[in-house]
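Letters A, B, C and D mark the chains as written, and numbering starts fresh at 1 in each.
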Amino acid sequence: MNDTTPSPAPREGRKKPPYIYETRMEVRDYECDIQGIVNNANYLHYIEHTRHLFLLSTGLSFSKLHEQGVDAVVARMNLQYKTPLRCDDEFISRLGLKKEGLRYVFNQDIYRAGDERLCFKSTVELVCLINGKLGNSDDYDRAFAPYLK
Amino acid sequence: MNDTTPSPAPREGRKKPPYIYETRMEVRDYECDIQGIVNNANYLHYIEHTRHLFLLSTGLSFSKLHEQGVDAVVARMNLQYKTPLRCDDEFISRLGLKKEGLRYVFNQDIYRAGDERLCFKSTVELVCLINGKLGNSDDYDRAFAPYLK
Amino acid sequence: MNDTTPSPAPREGRKKPPYIYETRMEVRDYECDIQGIVNNANYLHYIEHTRHLFLLSTGLSFSKLHEQGVDAVVARMNLQYKTPLRCDDEFISRLGLKKEGLRYVFNQDIYRAGDERLCFKSTVELVCLINGKLGNSDDYDRAFAPYLK
Amino acid sequence: MNDTTPSPAPREGRKKPPYIYETRMEVRDYECDIQGIVNNANYLHYIEHTRHLFLLSTGLSFSKLHEQGVDAVVARMNLQYKTPLRCDDEFISRLGLKKEGLRYVFNQDIYRAGDERLCFKSTVELVCLINGKLGNSDDYDRAFAPYLK
C-alpha cells in the first residue's frame, strides 16, 4: 500500500542541511485518520517531541525551564508534506539548528525508516519568553552552543 | 452508513438519572480513526470539555482554579461505548452530579443529535487536590450546591 | 492574564485578504499545555475543522468524498503564531480561498473573539488525490466555483 | 516533584494478574495539560497503542485487519487513575488477556519506570465486528490462542 517508487532526492536531502540529532519513532494507529494516513497535525507533535528529546540530550528539560519562567514558543513554521506516513510505519525524525538574531531556527525532517524516503520537511522558528517577555535565554544558548559555531 | 435501528432504551436512559446540564457538539474529522468512527479516547475529551463548560456556567473556571492551587482530578471512570459517533455527526453531551464523601461523581452520557440514540455512557469520579493534597474544595462545593440537595 | 494591549493591526488584517467563511469556536482545556497556552499542533486541528465545515456549507462532506476515492491532502503550510490562545478563550476562524494550478490555496486566520486580536495566520495548500493519484476534482471545483472567480 | 513515597502495593499488582506483554514508552510534553500532568484521555492512547503493539507481536496488524473487514472495538472500560504521569516521565505499559464469551478482556496497567509505581489500572473489553456485525474473529482467536489456555 505504501508507495515504493525509488526516491533519490530524499537521500540527498538527508545529507544537507546537516542534522545534529535524530530519534526513531513509530506511528500510533490513533494518529491516523479516515484516509489511513497520519493526520497533518500529528507531525507537529512528532517534531515538538523531537526538539524536547534533543533538549533533554543537552541536559535541559523543556518543562523544568517552564517552571523557571523560561518558555520557548513557536513563532513560525514552514511545512511540506511529501509522502504520508501510515499505520504501522516507523520513521526517523532528524533535526538541525541555527540561530538568527533572537530566533532559534530548526530544520526538522521526517524520513520513513526502511527506505529513507522523505515524508515531511519543515523549518521551525522559536523565540524565548522570559517571564512572559520576549528575550534571550542563557540556558538555551549554553545548551545549544556546541551546535552553533 | 449510521445504523438507524430504532432504539427505545436510550430514550429511557435519557430520562434517568436526571441531567443538570447539556451542550451540543459536533464530531471533528480528525477525531475519527481509520475505522471511520470517533477514537475512544476522544469521548474523554468530550466529557471533560462538558464538565468544564458546566463549571463555567456556575461561574467557576477550571484553569483559574488551577492557578489558585485547586485541581479537580479524575480518580475513576466507568465507560460504556454503545453506538459509535462518525464523521459529520452532531451530538448532545449530558451531565448529572452527586457527591459521595470527598468525591464528585458525574454521570455523563452522549446522545447522537437527531435520533437521540445513546452513544456513550459513563460515570466519572473526581477528587480535589488543594495545593497538591487531597482535600475538600469550598469553591467547588459552593458552585455545585444548587445541584446537590 | 491575557494580554490586553490594543492591537490595531489585526483589524486591518481582518479586512484583507477577503474571507469567505468564518466559524466561532472555543478553546478546550485539554488543548492547552503546561505553558497554559494552546499547543501549536491544535491550530492545525482548528483550521482543518474550519475547512471541513466550509466544505459542508457548500454541500460536500470531506469524509463522504473520501469514500468515493477523492481525498484533498495538505501539501504545504505556512504558519505564523501571533498571540497565543488560552484556556476559556473563544475565537473566530476565518478562511479565504484561491486556486493555483491544481492547488487549492486557503488563507486561514484565527482571531480572538472579543478583541479581534490576530492569533494565528496561515496559508494552506491542498492537492486532490483521485483514487490515490494526483488529479483535479470536479466535485471540489464545482463546490468552490462561486468563490473562485 | 514526583512523589516518591515507597509503594509496595504496585509491586504486588505487577505480579497478578499475570501480564503477557509489556512495552516502554515516554511521556510527550504535549500530552500534559496545564496541571503539568498527563491528560486523562492520553492513557487511552497509551493502552490502545500497547494493544496494537501486542497484536503486531503476534503477527497481526490492527489496520490490516480493518482493511479485511475485521474490527475490534472497545465496548467497556474501567479506569483507575492512581499516580499521575508527568512531563519527562518514562513508563511501562503492561497487558494481560482473557476471553469471556465473545469478549476479549484486557487488563492493562501502567507503571512509572524507575520506581515501578502503579499509575493507571484498567480493564478493557473488546468485541469484534466482522463487516460491521458483531461476531467472532478467527484471526484474533488464532493470534491470542497461546495466551488463552
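Just so we're on the same page, a contact is a pair of C-beta atoms (placed from the backbone, for glycine too) under 8 Å apart; a residue touches a chain by one contact, two chains touch by 3 or more.
The structure presented is a predicted model; accordingly, all values stated were derived computationally and were not measured.
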Chain pair showing more contacts of the two, B-D and A-D: B-D
Farthest chain (mean CA position) relative to chain B: A
Inter-chain centre distance, chain B versus chain D - centres from mean C-alpha coordinates, in Å: 23
Distance from chain D to chain A - Cα centre to Cα centre, in angstrom: 28
Sequence positions of chain B contacting 2 or more other chains: 29-30, 32, 34, 36, 39, 41, 45, 48, 63, 87
Chain A residues within the chain C interface of the complex: 34-35, 37, 39-42, 44-45, 48, 63, 66, 71, 73-81, 84
Chain B-touching residues of chain C, taken from the complex the two chains share: 1, 28-30, 32, 36, 45, 48-49, 52, 56, 61-64, 86-88
Touch list for chain C against partner chain D, complex: 29-30, 32-34, 36, 39, 41, 87
